[in-house]
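Paired with chain B in one complex and with chain C in the other, chain A is shared by the two complexes that follow.
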Partner chain A sequence: MRKPYLRQAPGRELADYPEGTAYTAGFLTAKNAGWRSVRPVLRAEKCVLCLRCYLHCPDGTVYESGGALAFDYDFCKGCGLCAKICPLGAIEMETEGA
Partner chain B sequence: MNDGCAQRAFLSGNEAFACGVRLAGPKVISAYPITPQTVVVERLSEMVEDGSLAAEFIHVESEHSALSCAMGACAAGVRTFTATSSQGLLYMAECLPYAAGGRFPIVMMNANRAVALPWNIYGDQSDALSQLACGWIQAYAQSAQEGLDMVLLAYYTAEHPAVRTPFMVNLDGFHLTHTYEVVDIPARADAEAFLPPFETDNRVDFDEPKNMAFSAGPGHCAVFKYKQHAAVLRARAVVAEAEERFARTFGRRYTGLVENYMTQDAEYVLVTLGAVAGLCRDVAAQLRRAGVKAGVVRIRYMRPFPDAELTAALESARAVAVLEKDISPGRAGAVFSEVLGVLAGRPALGAVGGLGGEDIAARDVHAIFDRLRAGETGVYFIGIGGVTI
Partner chain C sequence: MTPTAGTIDKNEYFFGHKACAGCGGSLTVRIALKILGPRAVAVLPAGCMSAVGFNFPQLAFLNNAIISTFAGTASMMTGLEAGLRARGERDCTVVGFAGDGGTADIGLQALSGALDRGDNILYICYDNEAYMNTGVQKSGLTPFGARTTTTPAGARVRGNVREKKNMLRIVAAHGAPYAATASVGYLDDYMRKVQKAAGLRGVKYLHVLAPCPTGWGIASDETVEVAKEAVDCGLFPLYEYEGGAFRQTVAPKGGSIERHLRRQRRFQHLTDEDIAHITVRRASET
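Our next item is the complex of A and B:
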């Protein structure tokens, strides 16, 4: 699994911008999760790594790490699709800051 | 016509243009037919079918798709062509700034035609002149030969690394697209020597993946627009470079962003664009014989706009008229509005004519000069007059 990684944006000088809207792919320059009100939390004992959540996540924030499922909270918006789609109830949505 | 040798042929503007496109060798052509552009895409589809043009011809379902498709092909790294007119140009209008902002150097022929309503299939310049701000380079031909030559010049300029901007070549509907003249068709080897293969890093690449056609928020968006503006301004120098190279290769020389006729000491200058310029020059020559210091400027490029060239050409002018085939209701013709910017307050007269295919006669052009010499200013419609409310 390759997920986008955070990288420092190139500078803000004119010469740092590309000519036209095309630039090296595969990285992001800013976190984007500020409006999340609920977060997905894994109940690892129920998860069989079917990866249905990975396939359905609209923001590509579900990934596998060391044989376990993980969420990228820098980009997860808390939509809850992963929890809805999980056939084993292995993902629960918990209120942020509770 | 397919043996690759230079030759002369009796061709319509559309047919000559198609020959120019074949010489440029686009790999993808996506187009939707519309009068009076239809013949150019018909000829191109025949060339693809008979094997004399190794291109993919994609019959799309609309002009919006025609240009979207051309962008996709260009983003795959190949030379692309499309053509349209009038309602078709307006239907693809959403995609025009998209192609310009994406810096896809697509070349498009536009057959200038009236825009509805009233519904009208005949020639005027309302379509293209309504799209001056879309970010494309815009040139206007006055003959089938110039149309053919402009295909090669357009690709050279559009694809130049300093420019990387789409290019719209305009041919007056019917007056150019459907009239016939003897045209020199360059040899394929010469065309290939003139026009380098298309190379760009603004394309899909499996080894170096790119995000393409992305968004840019406040604080970034303006930089991209700034760079577009700078690129189109840089096209001034590239047009000159291309025309010099063209003259060395083919022996035909063009005159840059404008073409001047007897402007050096002219007191009354008529500025126009497109095929009607020939008639204007004839009238100016008659006036010269009668002792009137008349001159004509034919604008060849509306983008980049020829500020410096017009300033120089109009230096001796006491008054300036503009003849154009469009009207921006409530203001004037688009060309008149732009030319005002270089006149430093001198008297200016806007003549709107040829709308919906109306003929412009020599007497109409004489009348423009008569009005100009009588000190008339403002905007009037040929055959109708100025608006009084």
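Our next item is the complex of A and C:
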């Protein structure tokens, strides 16, 4: 799976900045995980891998990996849409750091 | 064949962006790019999706993507399409993602020009029904009664006194080859329309209802549900315009307009008469 990914941020010298207005696509330097107050957690025994949650995630942070569902907790914002859309209640939102 | 959740491109072309949790606009962009693939070239005017996608050095598009002036989405798409053609680049869909303000107000002239010329572009309006990126001001697509910072709800005037422009009819009146409404509450319908539009020549226009938890006053996990409800209660019907005729693509399942409005903070001040007005107007349309 290809997607924008985390890389070393360019330096702060003038020479580190692009000369024009163009730059590398899919270049990430910061995670979004700190935005979250609740996190989605899978109840794997209930999941039938219908992938409705994956389709509806605005951040693309639910995905199938090796026949199981996984979350990218570096970028998930904890919106809860995946839990709400799951017809089987296989995703629960848990308070972060509890 | 229209992709399904199981067959759609697994790559993420809009990822790591800074949209609010549960943003309908970002879901609109993410799904369209999964259908259009890595060769799509995206144009985003000023608005939430450019603001959350391009924060140098954080660049959340995997595709080639560019910010246009607020008014110039369609004209930049025209130029890009011509440039790509001149370079002999093939299979590049030039796609625009503009907000409701960027489409129905300031960008309407550029869109009208592109429609007039018949340029080969796919224009997608993600409609969150206000100027969200600058703090929720009324646009020409803000619905009657909605509270925004420029249409506040007070004792005498209760939110927006104007009706929402009908962009589908405006585009259809230009004789576009294809135009459709869609909703993030009906992704299968939306995906089918994106794929169909991408295969046609000329200006294709998609108008997607994309709720904004921040501006609408709904919870971040309600975006999809509210977008579906808007279709089902008849306030946002899903149509397709092709070959000079309109066709409804999803039959509304029914549901209470009042319940749908009252759950959104932007409508909470509405009186029963206001809701009756909206209901009657809905029934007399289409």
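Keep this in mind: the second predicted complex is superposed on the first by the 92 of 98 C-alpha atoms of A that agree within 3 Å, B and C clash if a C-alpha of one lies under 4 Å from a C-alpha of the other, contacts with A are read in each partner's own complex, and residues count from 1 in each chain.
In this section, contacts are C-beta pairs under 8 Å (C-beta built on N, C-alpha and C of every residue); 3 or more make two chains touch, one makes a residue touch a chain.
Note that this is a predicted model, so its numbers are computed, not measured.
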Worksheet entry | First, second, both or neither for A:10, with chain B first and chain C second | second
Discussion item. With both complexes overlaid on chain A, does A:20 touch chain B (first), chain C (second), both or neither?
Written reply: first
Worksheet, complete the sentence: Winner on chain A touched-residue count between chain B and chain C: chain C
Practice prompt. State which residues of chain A lie in both footprints, the one left by chain B and the one left by chain C.
Written response: 23-26
Item to complete: Please give the residue numbers of chain B that touch chain A in the complex, ascending.
Response: 101-103, 164, 201-203, 208-214, 216, 220, 223-224, 226-227, 231
Practice prompt. Note which residues of chain A are touching chain B in the complex, please.
Written response: 14, 17, 19-26
Practice prompt. Provide the residue numbers of chain A that touch chain C in the complex, in ascending order.
Written response: 1-4, 9-10, 23-30, 32, 35-36, 50-52, 54-60, 63-64, 75, 77-81, 83-85
Item to complete: Under the touch definition given earlier, write down the residues of chain C that touch chain A in their complex.
Response: 5-6, 8, 10-24, 26-27, 30-31, 38, 56-65, 184, 187, 213, 219-225
